[in-house]
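Can you keep this structure in mind? I'll have questions shortly.
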Amino acid sequence: MTPTAVMLLSCPDQQGVVAATAAFIAAHDGNIVHAEQHVDPVEGVFFQRVEFELDDFGVARDEIATEFAPVAERFGMRVDLRFTDEPLRLAILASRHPHCLYDLLTRWRTGELHTDLRVVIANHPDHAGLCEHLGVPYEYLPVTPETKREQETRMLEVLGHHDVDLVVLARYMQILSPVMIDAYPHRIINIHHSFLPAFVGANPYRQAHDRGVKLIGATAHYATTQLDEGPIIDQETVRVSHRDDVGGLTRKGRDLETTVLARAVRAHLGHRVLVYGRKTVVFEG
Amino acid sequence: MTPTAVMLLSCPDQQGVVAATAAFIAAHDGNIVHAEQHVDPVEGVFFQRVEFELDDFGVARDEIATEFAPVAERFGMRVDLRFTDEPLRLAILASRHPHCLYDLLTRWRTGELHTDLRVVIANHPDHAGLCEHLGVPYEYLPVTPETKREQETRMLEVLGHHDVDLVVLARYMQILSPVMIDAYPHRIINIHHSFLPAFVGANPYRQAHDRGVKLIGATAHYATTQLDEGPIIDQETVRVSHRDDVGGLTRKGRDLETTVLARAVRAHLGHRVLVYGRKTVVFEG
Amino acid sequence: MTPTAVMLLSCPDQQGVVAATAAFIAAHDGNIVHAEQHVDPVEGVFFQRVEFELDDFGVARDEIATEFAPVAERFGMRVDLRFTDEPLRLAILASRHPHCLYDLLTRWRTGELHTDLRVVIANHPDHAGLCEHLGVPYEYLPVTPETKREQETRMLEVLGHHDVDLVVLARYMQILSPVMIDAYPHRIINIHHSFLPAFVGANPYRQAHDRGVKLIGATAHYATTQLDEGPIIDQETVRVSHRDDVGGLTRKGRDLETTVLARAVRAHLGHRVLVYGRKTVVFEG
Amino acid sequence: MTPTAVMLLSCPDQQGVVAATAAFIAAHDGNIVHAEQHVDPVEGVFFQRVEFELDDFGVARDEIATEFAPVAERFGMRVDLRFTDEPLRLAILASRHPHCLYDLLTRWRTGELHTDLRVVIANHPDHAGLCEHLGVPYEYLPVTPETKREQETRMLEVLGHHDVDLVVLARYMQILSPVMIDAYPHRIINIHHSFLPAFVGANPYRQAHDRGVKLIGATAHYATTQLDEGPIIDQETVRVSHRDDVGGLTRKGRDLETTVLARAVRAHLGHRVLVYGRKTVVFEG
């Protein structure tokens, strides 16, 4: 695997934008290995993810942004430039529920999640042993209504200390304050245990059971200050029936939650997600 | 295929209820070909669908209800008795959208839907030719705000004339009045083009697009006077992406709608659906 | 909807290929509305589908191929150029099974399949009435071992008379001779009622039942002279259980067959399929 | 949760069989909480799973088999009697691949798998640390062609020592000898990384890639001496595309393997699987 650069671009849709970026890369002997684009014809916005090899590229990686700036300016592009051999630094926030945390840890340990896992922060002590076994720093920050503000300050220090790029809420059962969310805009991924926008709020499996639905779902989204309203990254559903009581829905839902959260985290780590408004463009991996 | 009787039973959960019904059938030399049961432990309700062959059964079909009455009384059962060689009489209500109507007609014509299709009623004239070709009576009842009451009266006459057991709203774009709904309690099946309870009301594909969901759904439910709140019979979802505009969602949704509606109609025609409260028990076919 | 041109390109993977095509379009004031590409890194092949608006394009549509020829030659491209306002001419071959035929006819009639349906050819007379009702020419060509060669000659005449671009075998139960297949290379789509390569040959539902599988499938593929070995366009599966006898598998399978065949036909009509070796690249629509 | 008894019954289909079992349970004041049955009309075999509460049951648990014997004899039943408060003893066999092993360990630790996990046996040392952390005995039994016979003897000793009821091959990459398989008939569950019967044998993801399929699958089945031919318990598929190289298929396949294996193990542990011939009846949980 040779290292590659990924550019995530968005700008007003206009003629020549694909050609300009491709010409820039070709002019410096770059080899494009993936390129996906999307146009929202209603909003008139152009989105592109373009990935090219760095090995024989004629511009040093720390000069690419500067060299590309004239193209970006001409088309009014927002540019996000990443290098695949510099994995994102990750923090996982957990509560007592282990399934999403354990799943992410397994995927990280087996190399499936290409990330630099820096820390697990939890408001329960249960997972300290496993994290110690795996060599992952574990910060136990219990939260009560009285200590919430203080603990969030501490949490921000921990995240800052590790220079974290992405925060994943692995069924973290606390609502984050706007200060936290604003510190990591579109960089906090939450998993909600329903097919949003159905069953917002607490106890979605109870709500689903009471309504008698024949499917339950899970939704991975970026956390925003509007609870359960952030841009959706991925969703999935599974069939249920009258045989499934609330416990059965919860058990089936756990598998959904782990699957959907892992897919969303993987998409973000692979630089495949662009946010606009309250929506996302997720290019396939 | 020998003819069979189907008993749909529900009663308070109690000891001996399975044995009593099985003993009744065995005592008359009946052969059970299918038996499914379900207990809702929270509500304490027992549900059963039991199907047995009629050929050597020791009780004539028009005397089974009377003979079974002591058992039913002992356990406080609600009993619905049906015979599979007496298919339900069906009416389909349609508007301009053809996909659900055509799909049901195809399934009926190819023998997949075991029903006595009596009439198609529509507020558009478009489908008259096809119905004529298929030999299905077609009632064109255009509806305007002024004529709605009058046309519903006419519709009830048509349904009554055909002694209809089940009414299917195949994307019938009119809201039925309570009079209609009360005349066919839990016997009118509607298809809603979203995963209820998400996106109730009008234009669910537009709502889904605006929210940026990654799945869309369809829901078949019994019509009640509470719009979009009736007992759900079946649901399904399909993945969508940023590439799907409202038109794309609509096109994908059409396939969902036809599939889910056909499954729900098939379940009802097979006497596999029991309603309690705002929920259903749907035994698999 | 303004008319667009679609270029399906494939060539050895090399630097600058994306830029060259994009630059060609930009140089003539073309506006790219979709562009997808794929590189097979093992085979070293580059594939692209690029769609651009024709309205203000600086080259007349019948000169685009000539103007683009220098680019194509430089990179050794195979080029397939299509215009979306010139829909492909379609023939459907059917036998007695109605479900795939009726589904395609419904999708065509409701405008979902963007095609010029020229003729239905069948070795059974059953569907003549419906086709007449819809105004589609119907050629009844019954086939016996003795008449097969003769009828295929007749079939080729009919297809040639209608200048057909695509032939769809809608559960056409005859094996086509190599002459037929060679006349329409990668332009005959067949639906096989199993998840190929499982259960090749006859009676796949019977085979599936005997093996006790928990899923059944359907496969749409281009017909080749190697039976059931042609490039796969689309596949799907559905859960089954011990409750499904061969009849139940067949019924569930019918829905799969119609869905998968319609998706494959839609992909071909939208110029989204590239064949290489025994595989396909199918860009999403 | 009160303890329950589960009877898995099979016998030639005949009148009165449902009534006889239900009457036995009712006669001893048993309360049936679940009862499912199935008739294979072709083979003429009746299958039933009936679960009833033990608390007020009029027969002690170690006398139920004796008391029920007259009923079983009358109908020629094969009877498997289990108690839900006596969980099955489990052994997991693993190689280097961690995903299925870790997933089962997580589900066991979080209480989702109702089992008495006795031992993990592996031919690689990698997972010893995690098992130690979790308090699960770990037997490292490396296998070479020379030591295979000897190590299988050792393995049988370990399994015997722990009085194991069920052996799960969590991507155990060794073919078991007939001696092993005959020692645990229909009590060894294997996960095969394809939709069997497609792509039997080695490297199914490579085979799938070469064939250009649009779905990949996984199959959980009981191990028999016929490789990849044992009774199938569960299967699942997932969509793939030209974008997925062998590595991508492998990664997507891992999620399938863990999911399908966990579902199959859960079904077996819940006494919901009946084997007949090379097929299974799996009652839903």
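Things worth noting here:
Order of writing sets the chain letters: A, B, C and D. Residues in each chain are counted from 1.
Assume contacts are C-beta pairs under 8 Å (C-beta built on N, C-alpha and C of every residue); 3 or more make two chains touch, one makes a residue touch a chain.
Just so you know, these numbers come straight off a predicted model, no measurement behind them.
Interface chain B/chain C: over half of the residue numbers present appear on both copies, so the contact uses mostly the same residues.
Across the assembly, the mean Cα position most removed from that of chain A is the one of B.
Chain D has its Cα centroid 36 Å from the Cα centroid of chain A.
Our note on geometry: chain C versus chain D, Cα centroid distance of 41 Å, whole angstroms. Shown for chain D are the residues that touch two or more other chains, namely 41, 241, 243. Those residues of chain B that touch chain C in the complex are listed here as 98-99, 102-103, 106, 109-110, 112, 129-130, 133, 241, 243, 248, 251, 254-255, 259, 284-285.
Those residues of chain B lying in contact with chain D across their complex are 15-16, 18-20, 22-23, 25-26, 29-37, 39, 41.
In the complex of the two chains, the chain B residues touching chain A come out as 38, 40-42, 47, 195-199, 211-215, 217, 231-237, 241-243, 245, 277-282.
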